[in-house]
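For reference, chains read A, B, C, D, E and F in written order, and residue numbers begin at 1 within each chain.
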Amino acid sequence: MFFHKQELQFKATPDKPDAVYARKLQEVLGGQYGEITVAMQYGFQSWNSHLPGKYRDLLYGIAAEEMGHVEMLAIMIAQLLEKAPLGITDDAVQSDPTIAAVVGGMDVQHAIVAGAGARPVDSNGNPWTAGYVTASGNLLADFTANANAEMQGRLAVARLYHMTDDKGVRDLLSFLLARDTMHQNQWTAAAKELQEEGYELLPVPSNFPIKKEEREVSYQYLNFSDGKHASEGSWASGPTPDGKGEFSYHEGPTTTAPMPDVTRPDARYYGTTDVPNVVEKVAGTVQDKLHRE
Amino acid sequence: MFFHKQELQFKATPDKPDAVYARKLQEVLGGQYGEITVAMQYGFQSWNSHLPGKYRDLLYGIAAEEMGHVEMLAIMIAQLLEKAPLGITDDAVQSDPTIAAVVGGMDVQHAIVAGAGARPVDSNGNPWTAGYVTASGNLLADFTANANAEMQGRLAVARLYHMTDDKGVRDLLSFLLARDTMHQNQWTAAAKELQEEGYELLPVPSNFPIKKEEREVSYQYLNFSDGKHASEGSWASGPTPDGKGEFSYHEGPTTTAPMPDVTRPDARYYGTTDVPNVVEKVAGTVQDKLHRE
Amino acid sequence: MFFHKQELQFKATPDKPDAVYARKLQEVLGGQYGEITVAMQYGFQSWNSHLPGKYRDLLYGIAAEEMGHVEMLAIMIAQLLEKAPLGITDDAVQSDPTIAAVVGGMDVQHAIVAGAGARPVDSNGNPWTAGYVTASGNLLADFTANANAEMQGRLAVARLYHMTDDKGVRDLLSFLLARDTMHQNQWTAAAKELQEEGYELLPVPSNFPIKKEEREVSYQYLNFSDGKHASEGSWASGPTPDGKGEFSYHEGPTTTAPMPDVTRPDARYYGTTDVPNVVEKVAGTVQDKLHRE
Amino acid sequence: MFFHKQELQFKATPDKPDAVYARKLQEVLGGQYGEITVAMQYGFQSWNSHLPGKYRDLLYGIAAEEMGHVEMLAIMIAQLLEKAPLGITDDAVQSDPTIAAVVGGMDVQHAIVAGAGARPVDSNGNPWTAGYVTASGNLLADFTANANAEMQGRLAVARLYHMTDDKGVRDLLSFLLARDTMHQNQWTAAAKELQEEGYELLPVPSNFPIKKEEREVSYQYLNFSDGKHASEGSWASGPTPDGKGEFSYHEGPTTTAPMPDVTRPDARYYGTTDVPNVVEKVAGTVQDKLHRE
Amino acid sequence: MFFHKQELQFKATPDKPDAVYARKLQEVLGGQYGEITVAMQYGFQSWNSHLPGKYRDLLYGIAAEEMGHVEMLAIMIAQLLEKAPLGITDDAVQSDPTIAAVVGGMDVQHAIVAGAGARPVDSNGNPWTAGYVTASGNLLADFTANANAEMQGRLAVARLYHMTDDKGVRDLLSFLLARDTMHQNQWTAAAKELQEEGYELLPVPSNFPIKKEEREVSYQYLNFSDGKHASEGSWASGPTPDGKGEFSYHEGPTTTAPMPDVTRPDARYYGTTDVPNVVEKVAGTVQDKLHRE
Amino acid sequence: MFFHKQELQFKATPDKPDAVYARKLQEVLGGQYGEITVAMQYGFQSWNSHLPGKYRDLLYGIAAEEMGHVEMLAIMIAQLLEKAPLGITDDAVQSDPTIAAVVGGMDVQHAIVAGAGARPVDSNGNPWTAGYVTASGNLLADFTANANAEMQGRLAVARLYHMTDDKGVRDLLSFLLARDTMHQNQWTAAAKELQEEGYELLPVPSNFPIKKEEREVSYQYLNFSDGKHASEGSWASGPTPDGKGEFSYHEGPTTTAPMPDVTRPDARYYGTTDVPNVVEKVAGTVQDKLHRE
């Protein structure tokens, strides 16, 4: 169960209205790696968890914090929009190019649909979709997904930091940056601990019987481009991170197989096959059968 | 530029038709972490790369390999469908429950739309979307995304391995498992090398001026759930993976701010505010102004 | 801020596994009118609220309850999947048509992607999208949207009630039905109270200067079909619910305007216009200008 | 069957071109509550209707009218674009900030994709999706959905009214406002009539056997937030709109259940469980079985 | 304007219920090339038309016919569902594998969401999206799109014909097949007439000044695969259909350019560049500047 | 298999940065008819091909070329963004309306998400979706789809040509225009050759037994609009392109059928039917049965 408290985790009030920035801030609210994504992702990971104890408690705890971040950003956006020119005629859009530019750069649905409110969308107005969420039940894979989400998220916030000089907005961003720092460290630590405790190792999933994979190609770097430098990386020679092999470098594939013949499904799918389809001219064939059916 | 060769990297022919399995296999072709995703993801990362040399060459090389995996899976799926009952009346769907179940479990668009061919969709028929792709320009973030993609991908292939006993299909899966093993190791190695060479460190982005973040909360584990075990993890005490701090554990938030007042935008957005909107009863107000406009 | 408690609002454990039903139950978790929709919808309405006090407190309170319902359904689904046959070869799919049918009717991503876990999707596997959310800032419109959401939601739960005889599942559904009863009543009461207190009236938005609308057609029922009975309804005669007019009935439109001429944009959009586009044959025209550009 | 007449229901010609406004107007053509939505929604409700007579005739009639509104808006948009600067080099985008702002604020697909034509998208360019449509077969639920759609639609038109001072555009908007007034009144009247005639009552669906719901919580307001004012509403005490109970107010839940144990599905889903997955170290277990398989 | 008549263009009543087939039939109602697509496509082409007269009249006329086909299919689907087992417990799903298979193969949203009604989705339950619509303003391009749509549509109907032996359903399909035959012929004829009348020629757009394109490669077949037979086609030698050149055949590209250097954007985007990002170690650089900002 | 070469097919470097144009150029990279669409479309057509030899070789060859075009556009876009103002505060957005307009007109995700890189989206930021792809297995239908794709693609490029005067950009566009000219000619030639060789004829699919379609209406132009000129086209009289009939012209439908009665599904779907649903008042009916269940 979730309980709501009418307080925020940090102050979230801009110094001045800014509709264009409100649009940009939507990215970290409703974008691919915005707060809705991490709140839902950690939530589904906790509900689907197969391992009781500290890892599940971690997921429950952070999911709820992130729901509070959704709220902080939504409230910040509403305030950025509150007194901003949003395109109504008094805004003098036609005559004042600066206002015209503001209105041109804002999310027009902020005005038309939400009446100066936040929306569950990204900075281009794409509605948030659950296609962004990862929750596989395998915690090493999922903690890696979470670490990535916090990296991508902090990256977006850092970029947004330079797109405003509003002190109130920057205060909120400085808080989000710090929490993303925590969460990057936290998922990295949790992924390491999972491996040290033997719950999961590389390669994920680690208890798949490894002899069932085609081991000859498990550590081969196969270069399908003509770049000269790929062989210089630690992925092209030396021991592998999973501790089970040695990398080797190869130009192109080490295995090949002939292209299979084309498929020729039932004639009733009406694909174009090497049996010419000129129906009038063909008797005693599939076409003929089709006609009699 | 890309050049195509009419060979496959590995044999990809099933022993027998299986329309239900063809549908399942779509997941690793056109799903969130299917081959189209990684091909496009590594492609966009290479084209957007800001760092010449081995890392970009790595991206170019793997992107092209993954395009070949898209092809292998599409061709396998077309063959799984080639002779399978796909719901045409001869299949005796009505009378034979086994065939009915097969047809019930297949992707009906395999028959109706593609005429027994593969489609760029996942195992539920959702079209592949570029919303799955990650390419931020920050290589530590992106290599972490790539490692996750290969983990999620290998996990799906491992699950699919147990859903068939077709030797031909399992051969292809054993090859894909091995390449996913390679790619997990490779992105892990590349992420480590990036950090060792000082191109990027934790937290990402590492050259954001860290004093600008709210450092007080950068290493605090804040428990927003009532789980008793979250404090037992390595994310709740001890040094942090970024080498810059010490984790600490706290029940709930360590900072709070009062909820801001509601916003009250221009009356012409017609939101419901504490100025009653009964237009006939209100003179000399915004409503009145609206009427005169 | 949101705080999580590791308890559920009601028991949510099935008597037996049922993968097909787990798929169906996804509808009220991640469908158009599932719990994710109402949790996010009430959340955005509260964050965008322009009216402090009881209405905003109502929105805050119900949003948090609905997040708990998301959790209850996710946990129920995970348990329905826990011991169910999900298509692995031991399930004897090939030989046993009943198991084949089960596997045919399940959401295959429950197994392949989530490893027997719940997903943020509807019963056809469509990812939840924020395109379902309504939060306009106008509370009479939004409370009507909320009443509808609870009606559509309770309807789906009622239908689902008859699709299982599992006592544990039905217990949860009986609880959800009761809460949907409450929420239908609650939004209906709130919409009525808003109007009685004069915050908003019909037609929404009620403080738009009504003389600016084309009043001649404000209460005309215009029948664009040839049904004979539309005139018999209360929408075709008698006083209107907004208390400002009388309905009247008309066959077809009462106003018409000629179809405007086709548009003829700049030639550089290369639309097909009545200036023939055969470039070689036309001199001294837009085509000619294009050539010289 | 539908028949088309080359006339419009009202004049729809702007006084002057305005590409930025054309984009905004897309909202009420192809947005969540635009004319395509209501045309399709009323259409599907009529085709799925289970009740012959006046209600179905109403649905048929309004669906066809709304298709005509789709046409009016498309034609208006094409005309707004006809002579507007759409970003071709003659427009002097680089040197004139006012033109640059116009081009910045327009929907660039209006020019690139449609060649100065209307598109079936919203004001942010999101393609219209049938995910917006509601047609449940339950008319009280659906008429409530329809009332909401007309409220949200009229709200958007009212906001758009203030974003232009073009007389021709405002004329069309004044017509649409009036028709939305009619349709709000009409669906409200129809919903009331349905209930008076006993076809459907609150709570929807009203013929679900109410004793099968958990009646103890059917009228409880459960406050999951800490707002002090939620208890002041008519939803917290007094008789309920469905006439079957009395509202009561409670701080938080009145029922709870312990969180169920984590699920532990078959090992072949490779979730992370409390059976450590270090395959080499575990014999005689599921891992061992996996290896022998 | 559109007027509705409560008649169908052809009889549309099945002989018996069939929920699985109802799902399949959704493809030609709400799929990529279903009736909603063509109705909306021809509608937008007519409203955006720049050429008055017979071509626009053609578009208006067919758009309205296709809306009637949407209705026919919706009504057919509702009837196919009317008496079919849709998964309620009386259907004996658990014990009877044939019924289980039916329920497994149906669209479960037909029951849960629509209450045995049609939906605006394809046969996999994907909501129809306006991303399917083509309306460019160039009639030769659009008529080619239309010809393709009718080909793809007739192909799906032909495949569906073999998936049922219901006489009533086949009657409707035979009608749709005939109309698709007409519409394929019609768009082919219209495209030919457009060219004969000089409104548009190949290549589209034909009035783009052809000397501005890189004419050296305008008729070269460049083989980027190693297939031996591509040179045997009429696209590899001989005159070109646009009457302006001769095809020639080449192995691979005839032009190349070196890969441009990587981009190095402003440091505040925090991409990984060849300036190492270890902030503590770098003074007097962009990093240093970032710190001072 | 695909092999990558670190060269481009043509030079792709702009003379100067231009963020607004970078956004526009996304249309031909990731739009409905952008290069990703054709690369994937030709790829799936080749992998699903049922006809070995020159047609499949053609598909393989062009698919690989188009993947190279995806790369060229991505690299061009990254360079257009490299030095452009993307909204960071140094850009003086607030004070300089010209820069404000630039930032208003750009794709803000280019900066926030991609860090000055290309993205797999269209010019409005909609992610590319596989819903754009056509691959039916019927080559005449698919080659027509391909011809259309190249027409729509060349049209967009031609429009984009006039939206920049950057010599470097125009060079790339002139190359793409030429290749689109080739590909339009090529698919047109291939479609003609398919028919001449008898693999497929009009109407598609040509081997469907034509006597099974309702031949009376196969060549009737039915005018559902009141346009006077539709009868003047070659689609209204004279021989049909498929060589099997004569067009005829008719005002409205030549066949009609009465509207079927409403459907009345099982009461447990809780639709609104003509059995009043006031449950308390109805005994011995379906409602009564519901209560006893």
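Throughout what follows, a residue touches a chain if its C-beta (ideal position, glycine included) is under 8 Å from a C-beta of that chain, and two chains touch if they have at least 3 such contacts.
Worth saying up front: this structure is predicted, and the values here are computed from it rather than measured.
Peer 1: Moving only to chains each one touches, count the minimum steps from chain B until you reach chain E.
Peer 2: 1
Peer 1: Which one of A-C, B-D or B-C makes the same contacts as B-E, at least in over half of the residue pairs?
Peer 2: Checking each pair in A-C, B-D or B-C, only one repeats B-E, namely B-C.
Peer 1: For chain C and chain D, let me know how many angstrom lie between their CA-based centres, rounded off.
Peer 2: Whole-Å distance between the two chain centres: 6.
Peer 1: For chain D and chain E, let me know how many angstrom lie between their CA-based centres, rounded off.
Peer 2: Chain centres of chain D and chain E, defined by C-alpha means, are spaced 24 Å apart.
Peer 1: Could you pull out the residues of chain A that touch at least 2 other chains?
Peer 2: 1-9, 32, 48, 53, 55-56, 60-61, 63-65, 68, 75, 78, 88, 97, 100-101, 104-105, 111, 113, 115-117, 121, 124-127, 129, 131, 136-138, 140, 155, 158-159, 162, 204-205, 208, 210, 224-225, 227, 253, 256, 263-265, 268-271, 293, in rising order.
Peer 1: Once bound in the complex, which stretches of chain D touch chain C?
Peer 2: Listed in rising order, the residues of chain D that touch chain C are 6-13, 32, 53-58, 60-65, 68, 75, 78-79, 81-83, 86, 88, 111, 115-117, 126, 129, 131-132, 134, 136, 138, 140-141, 144-145, 147-148, 151-152, 154-155, 158, 161, 170-171, 174-175, 177-182, 184-186, 188-190, 192-193, 202-205, 208, 210, 212-225, 227-235, 240-242, 245, 247, 253, 255-260, 263-266, 268-271.
Peer 1: Which positions of chain B touch chain D when the two form their complex?
Peer 2: Residue list for chain B touching chain D: 155, 158-159, 162, 268-270, 293.
Peer 1: Which of the residues in chain A end up touching chain C in this complex?
Peer 2: Touching chain C: residues 1-9, 30, 36, 40, 43-44, 47-48, 60-61, 63-65, 67-68, 70-71, 74-75, 78, 113-121, 127-131, 133, 135-138 of chain A.
Peer 1: Which residues, counting only chain F, touch chain A once they are in their complex?
Peer 2: These residues of chain F touch chain A: 1-6, 48-53, 55-56, 87-89, 93, 97, 100-101, 103-105, 107-109, 111-113, 115, 121, 124-127, 136-140, 194, 197-201, 204-211.
Peer 1: In their complex, what parts of chain F are in touch with chain D?
Peer 2: 20, 23-24, 27, 31-32, 97-98, 100-105, 122-126, 155-156, 159-160, 162-165, 224-227, 252-253, 256, 261-265, 267, 269-274, 276-279, 281, 287, 290-291, 293
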